[in-house]
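Chain IDs A, B, C, D, E and F follow the sequence of writing; residue 1 opens each chain.
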Amino acid sequence: MLSRLFANATEAHAHCDLYCGVYDPAQAKIEALSCLKTIQKYHDSDDEHFKTRAIMVKEQRAEEVKHHLMVLWADFFTPDHFAQFPNLHQMFWDAIHGAGDVKKSLDAAPAEKLLEQIDAIADVFWQTEKAKGMGVYPPS
Amino acid sequence: MLSRLFANATEAHAHCDLYCGVYDPAQAKIEALSCLKTIQKYHDSDDEHFKTRAIMVKEQRAEEVKHHLMVLWADFFTPDHFAQFPNLHQMFWDAIHGAGDVKKSLDAAPAEKLLEQIDAIADVFWQTEKAKGMGVYPPS
Amino acid sequence: MLSRLFANATEAHAHCDLYCGVYDPAQAKIEALSCLKTIQKYHDSDDEHFKTRAIMVKEQRAEEVKHHLMVLWADFFTPDHFAQFPNLHQMFWDAIHGAGDVKKSLDAAPAEKLLEQIDAIADVFWQTEKAKGMGVYPPS
Amino acid sequence: MLSRLFANATEAHAHCDLYCGVYDPAQAKIEALSCLKTIQKYHDSDDEHFKTRAIMVKEQRAEEVKHHLMVLWADFFTPDHFAQFPNLHQMFWDAIHGAGDVKKSLDAAPAEKLLEQIDAIADVFWQTEKAKGMGVYPPS
Amino acid sequence: MLSRLFANATEAHAHCDLYCGVYDPAQAKIEALSCLKTIQKYHDSDDEHFKTRAIMVKEQRAEEVKHHLMVLWADFFTPDHFAQFPNLHQMFWDAIHGAGDVKKSLDAAPAEKLLEQIDAIADVFWQTEKAKGMGVYPPS
Amino acid sequence: MLSRLFANATEAHAHCDLYCGVYDPAQAKIEALSCLKTIQKYHDSDDEHFKTRAIMVKEQRAEEVKHHLMVLWADFFTPDHFAQFPNLHQMFWDAIHGAGDVKKSLDAAPAEKLLEQIDAIADVFWQTEKAKGMGVYPPS
């Protein structure tokens, strides 16, 4: 299975700034889903202790989203990609800023929007040749 | 798309100890793949600076693997699951201990073994009903 | 004093995954005691600011408990120990999962139970030969 | 002194995603200077232990640079600023990616370039009205 | 510009324990200002979600203050400095303990006092010869 | 057992800045012992990979020592204690600075000295009434 995963791995810059050659928008998406679910459960609960914890967890998960997105933006995508997708800087700014909005709100809407923004970034990610060698969970 | 993802989400304990209801072995796997690639690149390089950095990165990525596996073990899986899969405790101990072996070695073998161990855990994960509502990247 | 501490230190796997050879259940216990005291003080207070901070502190301290227990489980104890103490996997799962329960509750009971679970693990720890060379705070 | 600092503080989004209203490129700059000095000292030393530590320290300091820059980019600057300074997205990408280059190299050049990039961002920062109320170390 | 900054850099112990030779009280001050502003905004708000987040942010920022002060105290200042400024130990204890008081309170007073304490430490810092080569934001 | 531990717990400031009321020099000591053992194993090894990891581990463990000591100094000890033990500020400065020396050296001597410094602090700690209610591992 490993041989399949890495068969066409080309030279790459990696999420750890080493060039490890492994990237996937899945990391940001899982944390963003956690934010959304946390918000939903916040509203379903009337337990103050749970609600306070939900706010804490949302803050941490949204920070993780920001980090994983910054890695994709600054390490995976290259000047060639930004030339090919001229809106890509803005897409990342919107999403990383949007993760801040998720921290600031208890509405589901910013978290749902964040997931759409991450999905849109993932679409670009999987259009690149580079992702074919370095991504782990391609769309089925 | 969100509605599909969460349509059959049942009550669940979550990776953040809130019960956020989002889990996926993808998190451990991505970090373990990073370990393996890092080891391969270590051997392909003759730059001492790169090699020192590779050891540092491997240490951090393997620690992330341990954390993500502990979360699956202690938070996602329930007593019912351990009754159904009597070897599951041992599978997790092997994998978490195996992540320590990846720290301790520059051979590819422990990292390849770790990936197999995570895949085996993912197989169990996706056999559970609970994963159907809470997992994000089911096998295609 | 150091010579006494390390006189009978045998080859060992260590809490830092180096094999540093220093382990002690004291680390988990101190954090778990902090959880319990925090819960008690939460109930003694009627200051909302204090109570919110107590929930945050409890979350962090309980996460520290989980980490220190995982290290003991995966790094200190060996296959021989698990053969000798067949319930040891379950004891660790109960305690690490129990630290999650401490996060989820404001009752003293889960924190008291966690302390008992850590004490039971410490009993096993100090029965091993390995602990005699690597532990720091043996029972008096 | 505080009254002077905050006299003209306007509504603002803050480095902690709260809107705390305190930002300064000084945070990124101090860490980037640490990277440069570390590289210089690496070359002045012939002690292997020191050199290994220098690589570790450089890795951590450069990661701090990335974090502080991301905060300025996503939290301080607003759509109006990006309209006014159309190159600002690119300036941030260059600098954050450049901090990755500092990790990857032992040459002083990438670290010197990073400092210039941060200074250029600071120039833009201090041209904004928002910085007058929220910045702490204005150029003298 | 760099040549100016480092022209008279002498041998120095650095904030990263490497001797990187870069220090500045600015790091502690920026975080302390964030605490003060957070407290002010806490009182200006009647949004429970915002107020809970403000408590969390204050806790984190005050911890950062403590860390940056400890670095100045233990790494920058030397026995000669403590002989020259006999009250310096007490000034640091007051400030680091004071950062704990900021965690414990929602009043502005402890945060304002903390800023004064940091300014007093900065005054001593900039009186030293060592700071002339290692500081980044001297008083104008 | 808990009742014994907390029977004479008086009002106290705690290691988490909450006033949780749990402190023990054991936390610093365990990490310092890890530093010493790591140094010893560094010299016993001729494996470059192991030696690089040992330097990394030493750096992290010594940083933990610094943190745990800062907590004791700033949170546990009160002005009354500093009046009673006039050398206590200096003892803490020596130990925290000494933990930096452990980072900077591969000799056992600084690590052995650090352990002695921590033991001396522990002696003072256990002489206080406050420690009787809040300490966990009193000298036997």
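Throughout what follows, contacts are C-beta pairs under 8 Å (C-beta built on N, C-alpha and C of every residue); 3 or more make two chains touch, one makes a residue touch a chain.
This structure is a prediction, so every number in the text was calculated from the model and none was measured.
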Using only the C-alpha atoms, find the rotation that maps chain A onto chain E and quote its angle between 0 and 180 degrees, to the nearest 5. 120
Of the other chains, whose C-alpha centre is the longest way from the centre of chain C? D
Distance-maximising chain from chain F - centres being C-alpha averages: A
Give, as an integer number of Å, the spacing between the C-alpha centres of chain E and chain B. 39
In angstrom, rounded to a whole number, how far apart do the mean CA points of chain B and chain F lie? 34
Separation of the C-alpha centres, chain A versus chain B, in whole Å, is 18
Going by residue number, chain D touches two or more other chains at 17-19, 50, 52-53, 56, 59, 103-104
If each chain is a dot and touching chains are joined, what shape do you get: line, ring, star, complete or other? other
What chain-chain pairs meet the touch criterion? A-B, A-C, A-D, A-E, B-C, B-D, B-F, C-E, C-F, D-E, D-F, E-F
Spell out the residues on chain D that touch chain E in their complex, using ranges where they run on. 1-2, 5-6, 9, 14-22, 24, 26-27, 29-30, 33-34, 36-38, 41, 50, 53-54, 57, 60-61, 112, 115, 119, 136-137, 140
Looking at the complex, which residues from chain E come into contact with chain F? 13, 17-19, 59, 62-63, 66, 70, 73-75, 82, 89-90, 93, 96-97, 100, 103-104
Show which residues of chain A lie in contact with chain C when the two form their complex. 49-50, 52-53, 56
Chain A partner contacts - residues on chain C that touch it in the complex: 52, 55-56, 59, 103-106
